[in-house]
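Structures are listed in the sections that come next.
In what follows, chain A forms one complex with chain B and a second complex with chain C.
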Partner chain A sequence: MTVIECSHLEKRYSGGAGVKDADFTIQENTITGIVGRNGSGKTTLMKTIAGYLKVTGGEISVFGENPFNSLKVSANSMYLDEYTMFSNALTTKDILHHHSRFYPNWDAQLAQRLADYFSIPMRVGTDYLSKGQKNTFYGILGLAARCPLTIFDEPTTGMDASVRKDFYRALLKDYLAHPRTILISSHHLDEIDELIEDLLLIDGGRTVLHLPIEGVKEYAMAVSGPAGEVKNWSAQQDVIAHLEDQGSISTVIVKNHFTAAEKAAAGGLRFTPVSASDLCVYLTRRNIGGIDDVFSNSQHG
Partner chain B sequence: MSLATVSTGNLIRQQIIYKCYAMADLWRSLVVIQLIAIFFSAIGSGGMSTSDDMFSLSISSFSNDAVFMFTVFWILVSSALITSKGYRYEDFSYVTTRMISQVSNGILLLITVLTASLFTVMSNYVIYMAVYLFRDIEFYPGLASVGAPGELLLTFLAMTGYLLLASAVGYFFGVLIQISKYFIAIVPIMIFGPTMVRPLFIYEFGYDFYAQEPSVFLFLVKTIGTALVLYVCGVALMNRKEVREI
Partner chain C sequence: MLNHDSSKPIYIQIAEWLETEILHERFKPHEKMFSQYQLADQFNINPATAAKGLTILADAGILYKKRGLGMFVTEEAAEQIRHRRINETLSALISDVVAEAEHLNVKEQDLIHMIQLEQSRRKGESS
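This part shows the complex of A and B:
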């Protein structure tokens, strides 16, 4: 079953940024990682899916309905980020209790056990939790609610390394036991590439790539060697990015759809696989050059 | 995972239960503000004294008017606050739609108004007791203070009418501010603008239309009617409003 379907989705703010052209479908019971640079429109896209925001163009359907003001979508989805709000009159224990009234699949035991494990104080309001604790707590809510569609927007912000690892592990374990559709955005693709099944890359408000993570890992190759040879060989290829030259050695990132014969023709060039997170960096590079260019014309240069 | 089907009615109920807990500060502030008003009332408002060579007479009157005025102001502010971002966004941390969120707000405000009216009527007895215990004076109870049940019901209904009106005005004002911050300036101009031409315009209108109404039934029709119109306008305006937009 298709859970989310976006066709040329557009959500513009009066300020300008937002989502410009999102085009993808997400199937039931998959974990999709939403990756992109700061300000690329990840959060806007996720909030639109959750029904918080009104679209300004294109179409979106979640569980077959427009999510804005849809009870079906609200009852079956959950959006969590670090700004999720709860009244400070309620303790974390109260909040867990109230969730059990709203979400039919709520697993109170799991919530309590996770809260104990992560040492979340149970007798205080969420304002008294540290940033990491707060996000861990929201993560627990997302896991225990077992919503058919759970959206985590940067869930690990502020968590320390071991909590982060545990959280992802808990997420995976619970997902395997109770499959559901999960969207998770992160700045650190390295951390979630073991977890996610599909990757949705967004850049400048557009969906750039939507592939199974295995496909992403094989999507491109880095080819390096003497500048002239690299240039000659890559002339016939789909070049994604040119890296900074290291002396006379030049490196290009090319799409991995060249033939064995073409590879053989490359001779002494070196082929190395490109990791998913590196690929995302290359695909979303601005044309104005790298960080080095910022300094090259200044007094530092 | 199979999809959950939920009924609107049940969700409104769940949201109201939640709000009763989450807005504990609302109830707490009602108690505090009424206690302050009761304290002022027990000191006594209004009075006259006269004396001659042989005697002096001083009359102080005690009433819960101050409690009522404080409560009107309190419900006005509370109703406006309920539309603020914090409360609206919180609803969306659970299951809701804009409609459910607003209907539950409306019912919560109705419960609050009824409670506040009851408290205000009852505050008469507290003032009566305070005066009786702490002031060494001869006491002549009026009709409203220890009145017959019918009298109390009348007071209760009238207060409910006024509080509902104040609540709806506050709610609508709160909604307007959520739509645009400019309304903070526009609304006072719209309200007090006509007073440039006729200084007591609002007072006269309110007095003639509501306060001078001799029939309690018609008074309630007028106040509840006005409150409903304002509330429905507020709901309609908010129904297209985005949440967590920044």
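This part shows the complex of A and C:
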């Protein structure tokens, strides 16, 4: 069953577009990783799906309805990010209690056990938690609520490495026992690339790639060798990016749909796989050179 | 057991690990195989990825599906795996070995001697 359907979705702010032309569908009971550079529109997209924002163009349907002002979407979804706010008059314990009243699938025992495991203080307001503790607490809310659609926007901000690992492990275990639709955005694709089923890459408010993660890992190859040979061979190929030359060796990233004969014709060129996170970097690069150019201009200009 | 930095896709590593388990008779013919959820929990991966590993083995005739019950090991699974590994994995390794020996000017009888030495070393280890 399709849970989310977007077609030419657009959300414009007075300052410019957050989402320009998003086109995708998300099936029930999948975990989708949403990645993109800073300012690419991830948060706008996720908030639009959760019904927090009113679209300015295109179509969106979540559980068959426009999510904005939809009670159905509101009751069946949960959006969490580091800016989630609770009144400081409530202790973390109170917040857990109130969630049990709002969310029919709430697992109070799981919430308490996770809070104990992660040593979250129970008698204070969320302002007294550290940044990492606060986000861990929100992660616990997201897991224990077992909402049919759960959206985690950068859930691991501020968490230390071992908490991040434990949080993703808890997410997987709870998902295996209670499948549901989960969207999760992260700047560290390497940390979630075995957890997610599908990857949605957005850039400049547009969907660039939406594929099963295994397909993303096989999407492209890096081909390197002497500059002239690489240039000749890649002339007929779908080139995604040219990497900076290392001496006389140049490297291009090409789409992985060349034939065995074409590969054989490459002779001594070296083929190496491109990881999902590297591919995302190559697909969303700006054509303004690298960070080194910023310095070379200021020195010589 | 999984190499997360390997260029080999995780679902293929899962399929190969299961093949080795069958070869070592930790799964006998007509025994129930791990489910995609057990594999996902054990290896900390998405169940869809685990399912892809199982599908490869089902397509190769190493597992069969019983509706509603899961995947089971076929009668000829171990023999089939052995056969394919000899024809694919082992012969590819041998072609690498022979090519490297050629590069290094190692004579045929010396190469065979090296193989025999390694074999007796391993026998010594296991006895």
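Criterion: the second predicted complex is superposed on the first by the 298 of 301 C-alpha atoms of A that agree within 3 Å, B and C clash if a C-alpha of one lies under 4 Å from a C-alpha of the other, contacts with A are read in each partner's own complex, and residues count from 1 in each chain.
Everything that follows uses one rule, which is that a residue touches a chain if its C-beta (ideal position, glycine included) is under 8 Å from a C-beta of that chain, and two chains touch if they have at least 3 such contacts.
Predicted model only: the values in this text are computed from it and were never measured.
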item	value
Which superposed partner A:Asp21 touches (first chain B, second chain C, both, neither)	neither
Contacts of A:Ile31 with chain B and chain C, given as first, second, both or neither	second
Contacts of A:Glu191 with chain B and chain C, given as first, second, both or neither	neither
Partner touching more residues of chain A, whether chain B or chain C	B
Partner chain in contact with A:Glu5 - chain B first, chain C second, else both or neither	neither
Chain B versus chain C as contact partner of A:His178, first or second or both or neither	first
Chain C-contacting residues of chain A that also contact chain B	none
Chain A-touching residues of chain B, taken from the complex the two chains share	1-6, 8, 11, 14, 17-18, 21-25, 86, 89-90, 92-100, 239-240, 242-245
Sites on chain A touched by chain C in the complex	30-31, 169, 172-173, 176, 194-197, 212-214, 217-218, 272-273
Chain B-touching residues of chain A, taken from the complex the two chains share	13, 28-29, 47, 52-54, 63, 69-72, 74-76, 83-87, 89-90, 94, 98-99, 101-105, 146, 148, 178-180
Complex interface listing, chain C residues touching chain A	4, 7, 9-11, 37, 40-41, 44-49, 52
